[in-house]
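Look for chain A in each of the two complexes below; its partner is chain B in the first and chain C in the second.
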Partner chain A sequence: MTHIVVDPVTRIEGHLRIEAEVENGSVQNAWSSATMFRGIELILRGRDPRDAWAFAQRICGVCTTVHAIASIRAVEDAIGAEPPPNARLLRQIIMATQMIQDHVVHFYHLHALDWVDIVSALSADPAATARLAQSISDWPLSSAVYFRGVQERVQTFVDRGQLGPFGNAYWGHPSYRLPPEANLLAVAHYLEALDWQREVVKIHAILGGKNPHLQNFLVGGMASPVDPNEQASINVGSIAQMKSLAADALEFVTKVYMPDLMAIASFYTDWAAIGGGVGNYMSYGEYPEGEAPNAPMFLPSGIIRNRDLANVLPLDPGLITESVTHSWYEDRDGAPLHPFQGETNPSYTGPAPPYDRLDTEGKYSWLKSPRYDGAPMEVGPLARMLVAYGRGHPRVQELVGSVLSQLGVGPEVLFSTLGRVAARGIETQLLAERLDGWIDELAENMGRGDLRIADNSKWDPSSWPREATGAGMHEAPRGSLGHWVHIRDGSIANYQCIVPSTWNAGPRDGQGQPGPYEAALLGTPVADLEQPIEILRTVHSFDPCIACGVHVLDGRGNLRAKVKVL
Partner chain B sequence: MAAKGDWLVGELERRGVTRREFAAFCSTVAGILMLPRSAGAELAQAMATGRKPTLVWLEFQDCAGNTESFLRAARPSAADILLDTLSVDYHETIMAAAGHQAEAVLQDTVSGQSGQYLVVVEGSIPTGANGAYCTIGGRSALDIVREVCGSAQATIAVGTCAAFGGIPAAAPNPTGALSVADAVPGIRNLINLPACPANAANLAALVVYFVTYGRWPPLDGLRRPLFAYGKTIHDNCERRAHYDAGQYVELWGDEGHRKGYCLYKVGCKGPVCFQNCPEVGWNEGTNWPVGCGHPCLGCAEPDFWDKMTPFYAHLDGFPGFNRQTHIDKVGAWGTLGVAAAFGAHALIQIARRRGTGDAQDDSAETGETS
Partner chain C sequence: MTSEGVPRLCVLGLGNLLCRDDGLGVVAVQRLLAQYRLGPGVVALDGGTLGMSLMSHVADVPSLLLVDAVELDEPPGTLVQLTGENVALAAAQRLSVHQVGVVDLLDGLRLTGRYPESLHLMGLVPETTQLGVDLSPAVEDRLPDLVHRVAERIEALGFTAVPIPLAPDGGHEVHAGSDPVGHHVAVGL
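The block that comes next holds the complex of A and B.
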């Protein structure tokens, strides 16, 4: 048994450490540890609830919209503000754009280098690359001349002897399986996607002034005025710009991302049997298609237990508990508690830095272990697509069916590392197709003369109850996100978040059940202990966002007020 | 192998960028830097020659927002050329290597290029729990920042967290978070590039300035480059005429809001925030926060999470402007005296700048790049 450590896990957001025991070429045991913490919830206490979104937004600059959305929803729920249709549609456009951009960046810039060998691209035949490209897509940048240019650019880069961010990686590892032509194709699209991601987020800049950290969020609505006839508002010109950007996004996803995903996946189908994990999936549901509290969601909510797609269960947030048995907190009696019923006493008991090994028998992470009805849950694109598939979402069923038939496999392969990669692509396609419709709905609504963007009746704190609690749920790119706020006398008495990467990256619970990362790593092959690229493949398939997961702690250990779960 | 000096021009041509377009790009950068147009030619010459300076990018208590902003860096077609101008050898969010191979890269840079590499720091540095609030490869952030910045030619603290402590240092600062300046007192050639996040255009311009001249631009008293932080948001705001005319947004979505009136009454901190957002814009000039209809948060100023909040409470008039407008109270909080504090702060900054002009270290003169 060999104990290996991957720290830092790079190409993620935040600070993540994986320790694993490897025997006979596969992982027998794994531990996931988050190694950074800020305490943003504590910082929020005592502040104006209308400011909370800006603080919460800074939990993450990658998924730069998601905590702001969850925050304004939580405060609105508490004070009874009702955002008008324009605000809902502005949020739909912002949320969908975030998901599309985030997923594409994850595929090309955070995950691809686990599957794509850049060095191998140097030996590709550009003409063969062009034939490959044209056989899978009618994307116009596909000539031999074009790929030769990309190859020469990479060659020049290598010849200068300064490999920059590509230095000292696992190039040449035997588990890289793409032929040189496919590697060159992927490198070209890595560079194109860098340009593309700058363009698509201009939708955010048009609406929110900038990206990252767009600035038009508002409790009760959105701060972007809409008026087809005003120069300083979201007007017909802005609509036209956004429709054009959305069309470009759909084209790139359809003609570049999805064909690349399918081409690369076809060389790695064995990864459809690796990295399954806990087998339980959760989605809160997202994209309400109306103002009513019970309006249907474009992506439905639900719970899947033990991979049973035929039986998607309704979601009950009251069944969420958290364990701190293996987290750096005082643990009074070891019983898992509802997240808002206990006290949180941080108590770092790990080794003093610098250290080589964590005490994996004891406490070993700044993350807690959230559980649903006692069970660990995987959240994220795979969970959402499985819930939608199980609930009979027609377009999701169609897209999933198309991917499975192209790969020649059945739905059971979805529960895997490759399944996560595929589900992320399917979701991107789905949302890129839907985005234009929401922009049209916004244009139509403001064209009818509805220029309301906010519920101003609840802006002044004198209109609020003296004490109120609220919940804001959101499906972020990486999964189910919840914010809970307790307001007293116009200021924040308590603020809580349970975040996707806490669900996925958390440590073992009091029952010894591993978290989704830890479970997914079991059985993962490791060919070379010095270059554990296989571990990166499975961990990256979750798209870790660790800063999100680790803000949730109360750094002072103060007694927290109870917050009722809504 | 391409001859030294040809690679950039060659790459540009392969990417369909003509020499003329490249010259225009350099003029644009010179414009952001408020240099004479003729400086563009000098920039172009400097960027096309020489070994790429090594840069390592450290992330501590961060949200990666500045990294994301950096990835949005763009001026026509030359955007990633600008990235290629540097050799970014270590950057956790984008680098291919992981684990001890990644840490080896950092160690090789520190020991092999001592005094020659650049560092960007993103995020604050926690001092509580003996450093356990942020560790990388088992080492504390404080330990890493001391070593890596201590041997660097220069350090850029990008974003308000690295520059001033930012959100982790907001009250009650649960982790004892510090800015780079406070965590590693006395390191040489520290440049602060605050804002939440820092604007990619300003980071790009700063890097080009350094690559071109081998030294850093003049700084204000808070070590911010004057080219980006020399004036307040309010100075050049597109809504300034409405402020002067007394036309204000009163409610979200009202006629004044739709017509682009001044956001002062709903809390805009533009009058006390030094940054070039109105001129440079965000996402290649697509828009900026006040442009979209939301008040400025004052995010490039120290302690803005404490001193600029509540964000929707308006300033109560401030010295240094020719019009003192009495504003009736908005919301239950009214004003909090931040205006007086920040008005004074603004005047101090102006005075400091007038007094010192150029706050850069003399050691910057050693900043040769070739």
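The block that comes next holds the complex of A and C.
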């Protein structure tokens, strides 16, 4: 038995450490640890709940919009504000754009290099690459001249001696399987996606102004006026621009992302039997298609236990708890708490850095262990697609069926590392197809003269009850995000967040049940203990984002002194 | 915010406002915008910790001036100025607290052929980056100087940054926010 440590896990937001025991070439036991403290809850206490979203959107460096959405929903739930249809549609467009951009960036810039060998791409034959590209898609950038240019561009970059995003990798590792031409094709699209991702988010700029952080969220609705004929509003011109950007996004996803995903996956079908994990999946549901509290969701909510797709159970948020048995927080009596009762009292008892091993028998992570009805749940694109598939979503069933038949495999392979990668692509395709419809609905409302964007009736705190609690749920790109707020006398008495990566990357609970990363790593092959690329493949397939932990790091990556209890 | 097309100079404040001095670059840009009227061709933005997502704001902009917390073995509040290749090297050597975001951003610009012709970094050595929304005394003390130097640099690069006169109460004029529904929008961030 060899104990190995991957720290930090690279190409993610935030700081994640994996410890694993490897025997006979596969992982026998694994522990996932976030070595950064998260403490947004402490910042929000005592503040005006209407301002909470602006603080919450600073939690994470990459997904600002998602925390803003969860926060305003939590406060609206508490005070009873009811956003009008235009606010719902504006949020829908913002959320879907974020999801599409985020998934494409994850695939090409954070995950592809686990499957694609850059060094091999440099030796590819550009003419053969052109033939390959033209055989899988009619995307126009596919000539031999184009691919030779890409090779030269990457070679120039590498020759500078600063590998940048191509550093810290295991180039030449025997588990890279793509032929050089497939590697070059993927590298070309890595570069194209860099430009593409900055185009698609222009939808956010149209809706929320030029500030990189959207400023148009508002408890009760949105602060972006809509008026077809008004220059300073979202008008017919903005609608046309958004429709054009949405069409470009759909074309890129259909002609570049999905064909690449299928081409790469076909070389790695053994990963459909690796990385399964806890086998329980949760989705809060997202994209409400109406105003009523029980309006249907474009992506349905639900719970899957033990991989049973035939019995998707209804979601009851009252069954969510968090335990801190293995987390660096004060643990009064060891009982798991619902987020409304949740506490954030940091108490670091781990080793002083630098250290070789964490005390995995005791406390070993800054993440808590969220559970649903006592069970660990995987969240994210795979969970959402499985819940939608199980509930009979026609387009999801169609897309899943098409992917499975192209790879020549059955639905059982979805519960895997490759299943996670495929589900993210399927979800991107699904949302890129749907986005244009939401823009149309907004335009139709405006055309009918419905220009309402906010419910102002609950703005004044004197209209609120003395005490109120609210929950704001959102399916963010990485999975189920929940904010829970307790308001007393007009200000925040308690605030708790459970972020997607806490569900997925959290440590064992009081019963000793491993979290989804820990379970998914069991049985993962490791060919070379010095280069555990296989561990990265499975962990990256979840799209970790641990930056939601507000960090207490210095520039040299060391944990600073002791964490102070505020 | 410039009104005409693609700006020729982008001043980008970086950092996390929830981590005390970590957010000093963002605070410096907020104060720059409150205290100076920026001339044509200049845009000053609060980039937070967005990293590569900022590409849409800085791609093809000829001059880029980053304002950030910079880790050095110097006393807190020490002013740091770097230009050209030294900015990328400092980022790669993790001198900037936002090494990951800045490195991703600069690499992305280089790989797509949209790297700025002139690149600058100005900042202060932080005292603490622990959780909290206020700056340390050492950084707060030197921040006016940093803002002043950033304005000077804008001028030196051929643009204008004109001080806005103080209002009678000693504060700067406050521009009415674009709050279309007549509510106060979250303050302080």
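Methods note: the second predicted complex is superposed on the first by the 529 of 566 C-alpha atoms of A that agree within 3 Å, B and C clash if a C-alpha of one lies under 4 Å from a C-alpha of the other, contacts with A are read in each partner's own complex, and residues count from 1 in each chain.
Following the convention adopted for this analysis, a contact is a pair of C-beta atoms (placed from the backbone, for glycine too) under 8 Å apart; a residue touches a chain by one contact, two chains touch by 3 or more.
None of the values given here were measured: they were computed from a predicted structure.
For chain A, the partner that touches more of its residues is B, with chain B and chain C as the two candidates. Judged by the touch definition given at the top, the superposed model places A:109 against both chain B and chain C.
In the superposition on chain A, A:244 contacts neither chain B nor chain C.
Once the two complexes are overlaid on the shared chain, A:42 sits against chain B and chain C alike. Contacts of A:210 after superposition on the shared chain: both chain B and chain C are touched. In the superposition on chain A, A:225 contacts both chain B and chain C. In the superposed pair of complexes, A:194 makes contact with chain B and with chain C alike.
Applying the stated contact rule after C-alpha superposition, one finds that A:2 touches neither chain B nor chain C. After overlaying the two complexes on the shared chain, residue contacts for A:461 are found with chain B alone; chain C is out of touch. Within chain A, the residues touching chain B in one complex and chain C in the other are 13, 37, 39-40, 42-43, 50-51, 54-55, 58-59, 61-62, 64, 105, 109, 153, 157, 162, 164-165, 191, 194-195, 197-198, 201-202, 205, 209-213, 215, 218, 221, 223-225, 453-454, 456, 459, 547, 554-556.
Chain A meets chain C in the complex at residues 13, 37, 39-40, 42-43, 50-51, 53-55, 58-59, 61-62, 64, 105, 109, 153-154, 157, 162, 164-165, 191, 194-195, 197-199, 201-202, 205, 209-213, 215, 218, 221, 223-225, 453-454, 456, 459, 547, 550-557, 560, 563-564, 566. Taken together, the chain C residues at the contact with chain A in this complex read 1, 16-19, 43, 45-57, 59, 69-71, 88, 92, 94-97, 99-101, 103-104, 107-108, 110-113, 128-133, 178-181, 183, 185-189. Taken in their complex, chain A has these residues touching chain B: 5-15, 17, 35-40, 42-43, 47-48, 50-51, 54-55, 58-62, 64, 105, 109-110, 113, 118, 149, 152-153, 156-157, 159-160, 162-171, 191, 194-195, 197-198, 201-202, 204-216, 218, 220-221, 223-227, 230-233, 328, 346, 348, 350-356, 451-454, 456, 459-462, 490, 531-532, 536, 547, 554-556.
Interface residues of chain B, counted against chain A in their complex, comprise 1-2, 7, 10-11, 14-15, 51-52, 54, 59-69, 71-72, 74, 79-80, 84, 86-89, 91-105, 126, 128-140, 143, 166-168, 170-175, 177, 196-197, 251-253, 257-260, 282-284, 286-294, 297, 305, 309-312, 331-333.
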